[in-house]
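Scrolling down, you'll hit the structures one after another.
One chain, chain A, links the two complexes that follow: it is found with chain B in the first and with chain C in the second.
Take a look at the complex of A and B:
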């Protein structure tokens, strides 16, 4: 454990730590382009030069390990001059097309020029022209003029995605990033090279020219794409709706979490946000009358749903109502469903497990085969008391007529296949669909209630490892839509129960009291990186 | 702000009316006298009050005067604007709406598919001109007659601004 001094501040760090890592612990900023904590050390950009006493030359902070008694200076005039000189070299052939560059605003050339450069250009020669706006894969576009050859992307495809699509070709001033012969940058993690590119060389085709980055607001959330629960930031444009055709969520970026996804997310998750502002969103509540949908206010439709529910319970009985929740719902949604349908109405036919006929596959890095964000939470909340299994009901040739089916975010037509789904739905007199987007199942329902998507609501997801992580509201719910727990609460109120939760935190508080897996958890304790709950299977009830 | 207590003569009203009439008449006849005198060549020293016979007669603008915007063009007639959104960002009235598109020429890359200025909202501060890195927007048209019968007509589109 050597102790060293950086800018008169001393710190003791483990053996093998580099100066840049030690400086980070002291909140001392050392500029860097090629260094990335998730990749091997290249030491090629020379931006992190620091002065170490008793060593005559500058040392790259990313590649110099600390030793006992080391005295480092990062802010002397000599260092500043060296860093500014390095930056000047890096910018020699830079096209300075910030006005058209999507990176502008989050570009480290801009940032470090303002912090460490601020020199007047001495480049009188003609700048070298290179390939511009070259599509190198389904998600990434390359501009070799803007590239500073930090090699982060090359190291990423070699070390993280192991897909080896790009490399640095040619020598000296002719060096540039190219695709390997016969390859395109097409792997499920290709979007990450855009995040790690410190300049505008690699930009996102999906985000290209959609919006300037300084219009975006950031909201911490969790990717709902699979049960991994990667930490993400939702970048939304709330103030200028004329961009990107009124789309509010503009892009997703990974958020560092050492326990879940580190710095990365997969492309399936990254580009899986489109449904939030899709024209297929259900924004208004409606009922079907004589085969045609009639749009009514949310309260009217909830009142109608309450009547149907009461009718079914009073006329036929509890076993004529089936509730199919979804592992896409938050823990809070699921808890309110359990509380109302299971405890207050005493229904036993509540489940969320629908056998998926077109199971996706996962990979050995982040993507999981289970594409639902909250399967583990749904198991914990819904499965602890009733032994009901939806699969049995689905496979049974049912002779008795069922009254009411309440579907939450469940596109049965997609999961079961059209024939099976239709057969199942036809057993019911009345089908209520609560969901965010139109699909073939919602069209078949008799009554539709619009629910908010994960970007429009607060709550928690439990990932496959039992980690409870928080999602936050990035944008307002579309139209009349509401978070599912609010819809269920309103439905409960329509039937005369008293549900007056103010927010998801209150629901979570009750959830933590009532569900054994969540005991001792508090909403504020979850924080930005989540809390792991003890192994659910091992908890003694 | 409390108003001043009126004095008795002011409250009588009639005296104030005549005071006002006297002031107006003093300027009117005084100016008429001076204009007539100049016309007849009697007195060249004192000028009467000047009125421009707008719109036949127009006041010259200072070269820095901020009049209606225009978008400058490249040699081939296409807009110089690259839709960097600097003007849209800096605009304090939020009256500029730009939507960017992909330009077929990779050396231009980006161009405005839509560039609207809502002149009904514009405060003519000229920040957009200052912010523009491409000298693509200027306020040197000298056009100040911007009137319309509806708010919608006050929105100038890219084709209007390019003329």
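Take a look at the complex of A and C:
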């Protein structure tokens, strides 16, 4: 464990630490473009040059390992001059498109110029003209004039996605990022190159010209796209609702988590947020009367749902009610479902597993075949000894009279296929649908309750490895929609039960007491990067 | 006449065929080495000889060899740098054309010394004929048992592969060369790690220049002390100086290290052509800061040339008379580096072209008063800030030309014309 000093501050770090890493621990900013902790060291941008005593030449902080007694300076006149010189070189051919560049506001050329540049321009020559606004793949646009040739994107496609679509062609000042012959930047991780591009050379087609980044608010969340549970930030526009046609969620960005996704997310997850502000959102509660939907207040519709539920229980009995929850719901949602339907009403036909007829596949990096964020949590919360298996019921032929089906975020038409879903639904007198978006199943329901999306609520998901992670509310629930646990609470109240949870945290507190897999967990301890629970299969129940 | 080392048997002839080479005692040094000496002894002898790399940097060869780690089970490689692309330099070519087997013998000895059983010979693409000569030499060496398995029944095996480059100057930089050899773009590597530890295909590797290796058989034949005595302290032996420019007898001359530059120009290269006045000399290839006529009493060894702010480099001596326009010469050099920068490092990629563009304007009579200061400043920012020395090589000439011939540059800027041209009128 060598001890070194950087700008007179001393620190002891593990063997093999580089100067740039040690400086980060001391909160000393060393500018960098090519260095990215998730990629190999290129050492080529030359922004991180520092002086090391007893070494005559500048050293790149990214590639210099610390040694005992090393004395590093990052702020001498010599270093400042060299770094500002490098910036000047980077900017001589830069088009200064800032007013029309999406990166403006999160651009490291802008940022470092203000911090480390501020020289008088001596560039009097014509700037080199290059390719602009080239579509290089389904998600990414390339502007080679803005490119500073840091090679991060090239190292990404070579080292992380292993898809090898782009490279730096030609040499010297003719160097340019180009697609390899016959290739386009089309892999399920392509959006990450936009994140790591320190300038506006690679921009996101999806986000292009939608919103200035300084109007965006960031909310820490978890991607609901698959059971990996990649950590993300939801970037929402709460300040300029007239931008992007009122769309609130503007983009998702990966959030570093060393245990889950490092710096990356997949494109499927990244661009999978559209449903949040989609016209298909169910924002109001309704009942079907004479084949037509009638919009009522949420409380009215919940009241109606309560009546239907009571009717079924009283007329036919517990066996006439089936609840299909969803592995897309949070642990809190699922817990309240279990508590009300299972414990209070004593129902045993509660499940979340629907045999999906169009199984997706995963890859060998992040994306998992299970496209649900909380299957593991649903197993822990909902599956118990009574052993109800929805699949058996699904394959039974009209064996008995069922009364009421309550679906949570379950588009059976999609998972089972139209014929099977219709056949199943027809067995019930009454179908309640609780969900966020309209689909072919929701329109078949008799009563529909609008639930909030993951971006509009808080709570926890448990990923496939048993890591409990927190989602936070980025935007208000749309219209009358509410988090599912609140809808179920209201329904319970309508039937005379006392449910007065203030927030997801309170639900989680009870969940942690009641569900063995969550024992000893405290909501506030989950933090921004989650906590791993012991292997559920090995927990003694 | 000074004693010859590399060109000893081939001053006016060629020994392309192995039979001819054998007749003058060829491969005898190899026999002695393989049958009598341990690898460490060879390294020590070369260390003692004071041999310094002839590729440009002048790094002590024996020391470089001793950096190869001993107890690793990875293969080790010797890579021969025959990329010879530095403007003003054409000495390796002479060795290859006249005495290819001397190089082969040096290769086997060098490989033996570092424990390599595989050697790559990287030759610049434009050296087509030279590649054929080497190809033949390799074939003959195999046929005569100087390459291949169990060489001279010593138990030592060595294979040599010839690889032709594709014409980039940067592939002469040793790690750019390794990348190129591995089939990648010739981008010099970030160091550390150094090639001695992580070189070709991640294995310990020594890269040596052609002339360096061609010197080794003679050292083994005549001894380190003999070789050291030919040069000056810390600068053992002779060098091939490739003299070009305004001299009567341009050509490649093998002369002892430490010989005054004046002697090279006036005694060996026949003095100035048409008795014109000497104006400037580039002492070691285009990368080296220029010397004025007043500085030619410098001794041509690595340390003496460095002491006056230039470099012995690759031994390419470019002589210019009073009619050479320094702006034009510098522009030509700047164009070369702008064309050859690999483009990885910001200062080199952008700086080389920026320098070239300003010099082009100054040359074209469109100079601006601040141009010279800008050139000096830009060049300054390119020195010591990059991965490989190409950036310095592009910047140092700019600074030295402007420092030493500032009046000439100012004339261009202010008068929009060339005063040298006026002298000629």
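Structure notes:
Methods note: the second predicted complex is superposed on the first by the 540 of 541 C-alpha atoms of A that agree within 3 Å, B and C clash if a C-alpha of one lies under 4 Å from a C-alpha of the other, contacts with A are read in each partner's own complex, and residues count from 1 in each chain.
In this section, a contact is a pair of C-beta atoms (placed from the backbone, for glycine too) under 8 Å apart; a residue touches a chain by one contact, two chains touch by 3 or more.
For clarity, every value in this text was computed on a predicted model and none was experimentally measured.
Considered on the superposed chain A, chain B and chain C are sterically compatible, since they fit side by side. Figure note: vertex chain A, arms to chain B and chain C, all at CA centres after fitting on chain A; angle 90 degrees, rounded to a multiple of 10. Between chain B and chain C, C touches the greater number of residues of chain A. When the two complexes are overlaid on their common chain A, residue A:119 makes contact with neither chain B nor chain C. Touch criterion met: A:43 reaches chain C, while chain B stays clear of it. Looking at the shared chain after the overlay, A:497 reaches neither chain B nor chain C.
No C-alpha atom of chain B lies closer than 23 Å to one of chain C in the superposed arrangement. Per the touch definition, chain A reaches chain C in the complex via residues 41-47, 49, 57-58, 60, 63, 81-82, 85-86, 88-90, 92-93, 122-125, 128, 148-149, 151, 167-168, 170-175. Residues of chain B that touch chain A in their complex: 82-86, 88-89, 97, 99-102, 106-110, 114, 133-134.
Within the complex formed with chain A, the residues of chain C that make contact are 168, 170, 185, 190, 192, 338-347, 349-354, 357-358, 361, 368, 370, 374, 377-378, 380-381, 384-387. Residues of chain A that touch chain B in their complex: 97-100, 104, 132-134, 208-210, 212, 214-215, 240, 242-243.
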